[in-house]
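One structure is given below, encoded as structure tokens.
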């Protein structure tokens, strides 16, 4: 088990999970920027991990045929390294957007693509916005009707913007503010629409991502507008059928509410759905670095290697 | 100019504005809980105000016929005190929800009800959610078509919950969390629907209020879904026509985004509207204690007394 | 293993740790206010725990001779329940301040009182401020000289104030503020001075506790002022000697800095000490709910029952 | 009145104050990075200012003999531009550290150097840490005795680190953390010691700056350790004598506490001093961008031009 690219929040979270994984041994941890340095110096939550970053080329040098590597580079970098790894027989879970529309990759939405993931050489791990949105929407594909319009209003913690310093991610800019962004077409919107189509849900999507003063976490409110009111029972049944066997997706009863505070550090998603006339409202809470990135990557790793899906997730983490 | 009830955040904000108002002199500041105490001890931002709270009955005792009083009690308290004040000839701006559906009160949405407000004995000041939602939606009433469905997804700072200590408003419960609430029918939803009807906009409304880790501020995203695509030009024209003379509502061009950080301490609202097929998306940012409460109350005071609307708002406040 | 009192943050953290403890089985979880309710409804981080609170009297009814109970009531409540438990042969770890100056209780500062804790019927778990301060100061007791003056300047997350709603703990009061409190004598100051005396360190203590905008965590800066400069080597040696065998206290080299972000959800303390002329400056970071409360309680439980000290702490938690 | 350098938080705060200053007209606003752009696009709190940045050389071109310019460049840049401005007869208030130890500049601690400031061609505006520390310490210079040791433990909002994106200033790194820094000698320590010497207070200084999760604000706790106990009355008298005429420095009575929440957006400092045996503890709260930077710069401008010191500060700002 190797990790390529280790300067970001998602990579650090993957390392945090993998160091305790009962069936996985960490191999090469390749990082151009941090080569030779200890993980604990760069990430407080890896302080006691004892991990140290390796230099360029270390994953290719260390990987054997059949090994799995998580690639956690910036968007664009994967286009270079992933083919090299595949050629060397390494199975890849790529956290970037580079292969999410590529037919040669399995789309790593674990609850819906388990079979393809298990067999894949390359898994394109979904983004945090698509994961939250699709977990809420895809069960509706089993209803008789299709929504006319879909509105996705999602609120994200700032770690979703990565760890490269930028003005918009500064404490003094995020604190005290709530703002929508990407209003003229966010990369994730196309990813969501593509997957909806793959499940037979052609619909106009209006997608509004927001940054809120939060380090970790995501809450997505999805509104599916139908021509005629769906039966609440049918919607509840669709949800239950899809997730009753899932160890990670919790469908909440109506008097509970999804809460970002319930999921940090976990691979969990909380989901609450109600039907109000022609509108199905589905609210999904998850950790953008957990189920929205590194957590789902480890879940996919478990699927690829035949481990129980919960492996490496047996603890409950802490909200600071 | 008197203030009844002074233990909450909105009352403190009203006092902060009124103490600098060029045409207003503060009279009685009635507070049961803080009688005899200085405002600076209870509200850091009133530290240097020199204001002191008066005891029960002081507004009635001090008010003369034609005076204006802002009533800032908890919901329910106004039902008792407002009739007494009206009987004494005092004109009232009530911040509570008690009179918002009462035909004897003018609804204090300043940009739409200026005439009624100017003549009113009693102004029911709108809530923060209705203010943000209606500023975004009501200009659409001049379009040829009516929306089929309206989705309102609003994010509020926690001062909206008031200053009475409650578990859900504790720092350790708000920090690190984003959560929807009031999913089975928030009081503000009925207020919004009632006003929409008053302007000829019958539509199903799905309203989802959220608490985000923010002391002050509100961002409301409103999605109006039409049967056929409205002309973007018609929507822009409707907005411009409604707000071009407003000193407080800024309609932003498309490459700007409403930001909560641009409005704290002001009576401003930032508004950005785009049309995506059949969906009109309108995003409104305001200060829940400013335009969403005390700011609009002072604006209404200016309207009632014939002062320029901007009176008392000539400064730019600070985001901490 | 029982828990008495379960409405606060420290109790919830204890349950989070205990449910995964490899050698401990949870028995009665007594709570007056939450009896019959699930822990997951009250504490997001216990969402998936499956724990449910029991009613009054349940710990006494369930406990057998030799069992251990953590008592997590408010200050004052322990005076009533602890004697009953001790009479029933139950060994008690009390999180309150009630027994911290009581000669019949072992003082639960694990790294210094291990022998007494192992043999104790009653352990008075230290407060978070004393834990951070004493971990920094007590190693200096082995120096030849005694400090003339000790200054403790400590910054705490707001969970230290408990979960009972109070004005000063509201999000809108903590956010955007930093404030000192307890300036005329904080309860913890006497606790610190008492323990210093017990180790032969009579000194005037000036203690300034602060609340900072943080849910969890504590950073204490301790300044010990001597008449003549201590040898840096002697101070470093004293620290190393005291903590080299400790699994939880990390003495950092000089180019690293203790960070609250490195410890949430753990029982760890980070410590950095330097000598500047006559002044020894020691900085200690810990989680006020971890090593400062529930973590140390579980560590003491391990000591009392002869388990390895690290039992139940094998994971790395998450900073939200 | 001109401003050179306008990309940072302090420059924006200066513009916010100056645009409302009753006796000042804004001239050239020189900015290399933002030339031609509007201030409102870069700083939310200047949204409605209507200000626009000018290009390189604009201050020199616009300034006339006797004009005042605030120079708000990064540390080092002032060494280049300030001599050019002085040569052109422009009086300069420099916010950087470049001239703070230069004998040709007046040190801009307004309450102590008013005479020199009034006559100066060049004012070196103090840093936020020195301002808070010296306001607390310098009144003690009038006591009979000198402290043996001075400990300064100061907590700063992250805007003190400037607006250039850096890893340590990211929201996800500041939120949930409290950390000390500059432990091996912060630039501000030398500035503090130099000024103490200038007032006859030779003492060993131990200075520990911290970053806390706060955008704006500073709380400095200063501990002056004497050989024998100073008389509390003498200390109180020294404070009162120094600040009773100051419109900005508030000496609080003992049962009040300085609070960062009481000062954002103002030029105020709150100060509380007590004597505990040989230790004088002085706590000072101010806005690091206000009295700690731009506020004091405007106060100095008022002094230089003979305006009342309060000019431009007549409002009360808002804590978000």
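By written order: A, B, C and D. Residues from 1 in each chain.
Just so we're on the same page, a contact is a pair of C-beta atoms (placed from the backbone, for glycine too) under 8 Å apart; a residue touches a chain by one contact, two chains touch by 3 or more.
Note that this is a predicted model, so its numbers are computed, not measured.
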So which has more C-beta pairs touching, A-B or A-C? A-B
Farthest from chain C in C-alpha centre terms, which chain would that be? B
Averaged over CA atoms, how far is the centre of chain A from the centre of chain B? Could you give it in whole Å? 38
At what distance in angstrom does the C-alpha mean of chain D lie from that of chain A? 45
Two-or-more-chain contact residues of chain B, please, as numbers and ranges. 44, 173, 176-177, 213-217, 259, 261, 264, 319-320
Mind pulling up the chain C residues that touch chain A in the complex? 16, 19-20, 41, 44-49, 176, 214-217, 250, 256, 259, 261-262, 264-265, 268, 270, 314-320
Residues of chain C defined as touching chain B within the complex: 9, 44, 157-159, 163, 165-167, 169-177, 213, 215-216, 320
Report the residues of chain C in contact with chain D in the complex, numbered from low to high. 149, 151, 153, 155, 173, 176-181, 183-184, 204, 206, 208, 210, 212-217, 219, 221, 223, 225, 254, 257-261, 264, 272, 274, 276-279, 281, 283, 285, 319-320
